[in-house]
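Two complexes are shown next, each including chain A; its partner changes from chain B in the first to chain C in the second.
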Partner chain A sequence: MPKSRFHRSLLYWLAFGAFMCLIPLVASTGVVRLLIFANFLAIFAMSWDIISGRTGYISFGHPFLIGIAGYTTAILTRHLDAPLFVSIPLAVLATLVGGTLFFLPALRIRGTYFALVTLAFMELMYQLTQVIAPKITGGTRGLSGLKTIILGAVPNYYLTFCVMFAIAFCLWLITRTRIGTALAAIRMDEEAVTALGLSTLKLKLFAFGASAAVAGIGGALYVHYIGSIAPRALFDINFLFTILVAALLGGSGTIAGPILGAYFLTFLLEYLRPYLPGAERYFIYGAITLVVYVLEPRGLHSILERAYGKLSPIVARGLAK
Partner chain B sequence: MTALLKLSGASKKFGGLVAVNDVSFGVEKGESLGLIGPNGAGKTTTFSILMGEHRPDSGSVEFRGRPITNVPTHRRVQLGIARTHQIPKPFGGMDVFENVRVGSMPDSIWRLIAEREPEHAEWEIMESVGFGEREARMLPGQLSMGELRKLELARTLATNPEILLLDEVFAGLTVGEIAQLTQLLLERKRQGMTYMIVSHDLRSLRPLVDRVIVMSFGSLIAEGEFDAVMADEAVREAYLGHARTEERGVVDGTA
Partner chain C sequence: MVNILIQGLALSGLYALLAVGFTMIFSVGRVLNLAYGVYIMLGGYMYYTAVQVMGLPKIGGFLFAIAAGIAFAVLTYSILVRRLEGNPVAVEIATLILAVVMQSLIILIYRPVSKSMWPVVQGVFRYEGVFVTYNLLVAMVVSWVALAGLLIFVRYTRYGRAIQAVSMDRKGAIISGIDPRRMNLLTWAISGALGALAGVFFATYTQLNPSMWVGPLIVAVAVVVVGGIGSIVGSLIVAHIIGFMETFTTAMIAAELRGVFTMVLIIVVLVVAPKGLFGRGEL
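Up next is the complex of A and B:
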């Protein structure tokens, strides 16, 4: 039984991958460009969810992790003319180190306090990029004219989708093992996990490391896709909440959820743009998130799953006739 | 003969309240030691000190003759000491079987990810506490108090302890469940399990323990065989005095 469920899920992943690979054949360049952003948002939302959705340590500082990666590769390529295949891995490594720093408060504090400390990390990084060595970081204006990996919407779409898909698939394989259960147990009752002989320190360190690595990959690729890094847009509460809402809306504690949420949110924001050009958009998505949350706290993922559960017997019956 | 688990001169204050006051005792391997005393005597706190969940203000804990006072809780569990909680603490979002599985997990990220998970050991434990396929898929929120206690016990047994500290295991259980649990504990005892058992239900405790120690207001006031201790004047005083002030029938087990 579990084996067949595994195979069925595998089939869904393959179907999803194949479907997404066909999209550029029919979609306009505009839609493809939107999907590129959705892929990035999905990477960030998955990264957030590994810490916050699984272990329950709510991070308000993910832009800090993304920023470490972005600035590392931007500075290395810009000032030292490092090739991308060197600068991007180094950026991910730097994010891992930064993620450990990020992790330190979690040894002692939890809940709201942890969230606030991570928020402070983001703010601190913003100030640092302005004050310390603005010549290197570009100060308020950031760095632009960065190398791009490849040109064109469609190649970038395939690149970002493949990276996002690979991350999602790896995370899915990992979290469906007992480690997924152990991380969820931390969210439910950390003391009880300790009382059962597991080092919560080790488990949290793993979750934070995985989250940082994923944020690092996403962050480094992102600056080389848009070709610039702008601190005000990066260390921005709206950016932070977009990540958070994507994960929560889609369904946190899953892999498909944050992806679904990221796609949904990207298109939602885009279609609201003509009517609500300013920051009011964020109210709308706040409201939509609230409604979804009230209807189904486990997010869109769960709503779809249920709809599928209702539909598939009907479809099966239809086919049998 | 050195004790398997030994507490020496342990004290613990909460603010001005001395919850545990210079308590010393040892549990021999294979022994089953009862810990009794009125509400608030410091029994649960004593367990927490043994587990490292509370750091004693003074005193030390030894396991197999080695000091473990500074060993963190999860390491003590790995060494072979485990407890159940007076108030069961199940993982609310996962079913009964998953709860038990967390108890048997190895403390290694790599093994958690890479190892295939044989489930028969968990099923054996599930069955020994009387859980079947139906209960396995239930969420803790759907369980009765008795079932929650059994889950707490099953999860703790899954850590494969050498000594098991049971805090109020019988509270909230039906007569039938108590009988079933007693059988299970006696069976494990025959196989060499060492116990410390806290219980208000003295009648149910009696057949399980070789010896009891009595705490009152944080201090050890008596120690010895069950019947002898029950006849002890200080013990009767501690229980009856308490029963009178709080109007609780905590001595009903001695009748």
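Up next is the complex of A and C:
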């Protein structure tokens, strides 16, 4: 048996990684392609969760950050013919700058108003991309025919999974440090954290930066995976809704939660496709999330954890007999 | 120029009506109801169903729309919001999710295509280069009547004053024997009715489609944010600022930029003066 909780968690992480690496060996291409989307959604949901789940600053504008990254790399590769290894880091950098823009209002306002500002950012971006310089941004129709990083479902699966796994693992390491604890404390009582002599400014800046960077990485890769970008697909409440629902349903404020939520939703969608094609699936998504959110705001993660807590003594007793 | 002014005035009237229901909920319950846009959408769709599908008279369409607005608002409050009381952020998230759920329900029933609505009143008012549709003028008049009625209700009736008391000081209201939950429920019902009424005119002004709730919601948000917490008069002023700004932008710069300044206004005001331009006023 592993000695400490740290070792045990590490073991879970490795087991999860190994399991996911084996999936393409047995699963069909359709399932693998589905998992790619789940990986992207997991990245976005984790990014959302760093700001909103941990520090309690609810962002309704995450598509804004993802969109900055997407548009930066799309424009660089399309118009300047920049190679991907240049354009993607630049896109992440641009998203960091955008994240700072996000951060400025957070210096003064929090709670419900902060969410509104971020929502306004997203809608603003939606309108601006269509009007300002439509020759560069492609206007309402966006840009298509963008370079892809690698071809094929299985290589893309490994790429997205590795990125997702690396991000999750880094986040997990961060939460184990004192920074992670301090961030969680901000959610509970920001003034108390200040009173302890910690700079909430620096902590928040860190969280916002991390969230923006993750959104940037996800956004840039996503655009080069699907090969196109359009304002209505990105700066859209439905997209925000999917991210939010994945994080909340899985369990915000955890690492496994958003990943769990993303995978759950993606497969739910696929399972429902024969019955509910198109936008109607949001009905089911939303309804399930609302019920879970009202009954257990910490999501499936917490429900599973409690179920495990109740079951494991029973199982242990059963084994002892 | 006169034309722009009159157009702006008429649009502002409609916006004031759009926003006031949202303002009331915020003022009394201290929560932002992001499902408010759905009342507007429901109003439009119900009127459409009653008048253009079932062939009822227009007054029946209005009653149908308002009834649907009230019913949905009351359900939102009693099933969802009441459970999350004391956590405004959770209410905000839950109502946003609810709004998307309702949007997909509308898609499920009415298909995702846009539908155009017949104007409530046909015809265009023309006079020396001024032209405004009668529909928008009627919307403005209805809006003024509804808002005046609301002000009188809030200021001079028992229930209105009880609502006002809850918005000023919840604990004080409880001590005076007012049940804040009942007043909240009443406020939500009024808000649903106003939203649906505004929705009928908004839908005839633009068109019916399942994502039509976002635009008015953002206008309502801007009005509340810029006007300051829950002041009806502040909301009126800001509705006019936004209405005129949009009309001027459409006429002078470009129609596509219409919403941009509204968004910039929200961001700048929230960052520079988080309490709103008109502060915390009386309801």
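Quick note on the criterion: the second predicted complex is superposed on the first by the 302 of 321 C-alpha atoms of A that agree within 3 Å, B and C clash if a C-alpha of one lies under 4 Å from a C-alpha of the other, contacts with A are read in each partner's own complex, and residues count from 1 in each chain.
The criterion applied here is as follows: a contact is a pair of C-beta atoms (placed from the backbone, for glycine too) under 8 Å apart; a residue touches a chain by one contact, two chains touch by 3 or more.
Just so we're clear, the structure is a prediction, and the values are computed from it rather than from any experiment.
By the document's definition of touching, of the two partners only chain B reaches A:F206; chain C does not. In the superposed pair of complexes, A:Q127 makes contact with chain C only, with no contact to chain B. Once chain A of one complex is fitted onto chain A of the other, the partner contacts of A:E191 are limited to chain B, with no touch recorded for chain C.
After overlaying the two complexes on the shared chain, residue contacts for A:F60 are found with chain C alone; chain B is out of touch. Within the superposed three-chain model, A:L104 lies in touch with chain C and out of touch with chain B [touch as defined at top].
Contact comparison for chain A: of chain B and chain C, C touches the greater number of residues. Of the two partner chains placed by the overlay, only chain B lies in contact with A:T181; chain C stays clear of it. No residue of chain A contacts both chain B in one complex and chain C in the other. By the touch rule above, chain A contacts chain B in their complex via residues 174, 177-179, 181-182, 184-185, 187-189, 191-200, 202-203, 206.
Within the complex formed with chain A, the residues of chain C that make contact are 31-32, 80, 83-84, 88-90, 92-94, 96-101, 103-105, 107-108, 112, 210-211, 214, 218, 221, 225, 254, 256-257, 259-260, 263-264, 266-267, 270-271, 274.
Every residue of chain B that touches chain A in the complex is listed here, in rising order: 51, 53, 72-74, 77-78, 82-83, 85, 89-94, 98, 101-103, 105, 107, 109, 112-115, 117, 155-156, 158-159.
Chain contact summary for the complex, chain A toward chain C: residues 56, 58, 60, 104-105, 108-109, 111-113, 115-117, 119-121, 123-124, 127-128, 130-131, 237-238, 241, 244-245, 248, 278-283, 286-287, 289-290, 293-294, 297.
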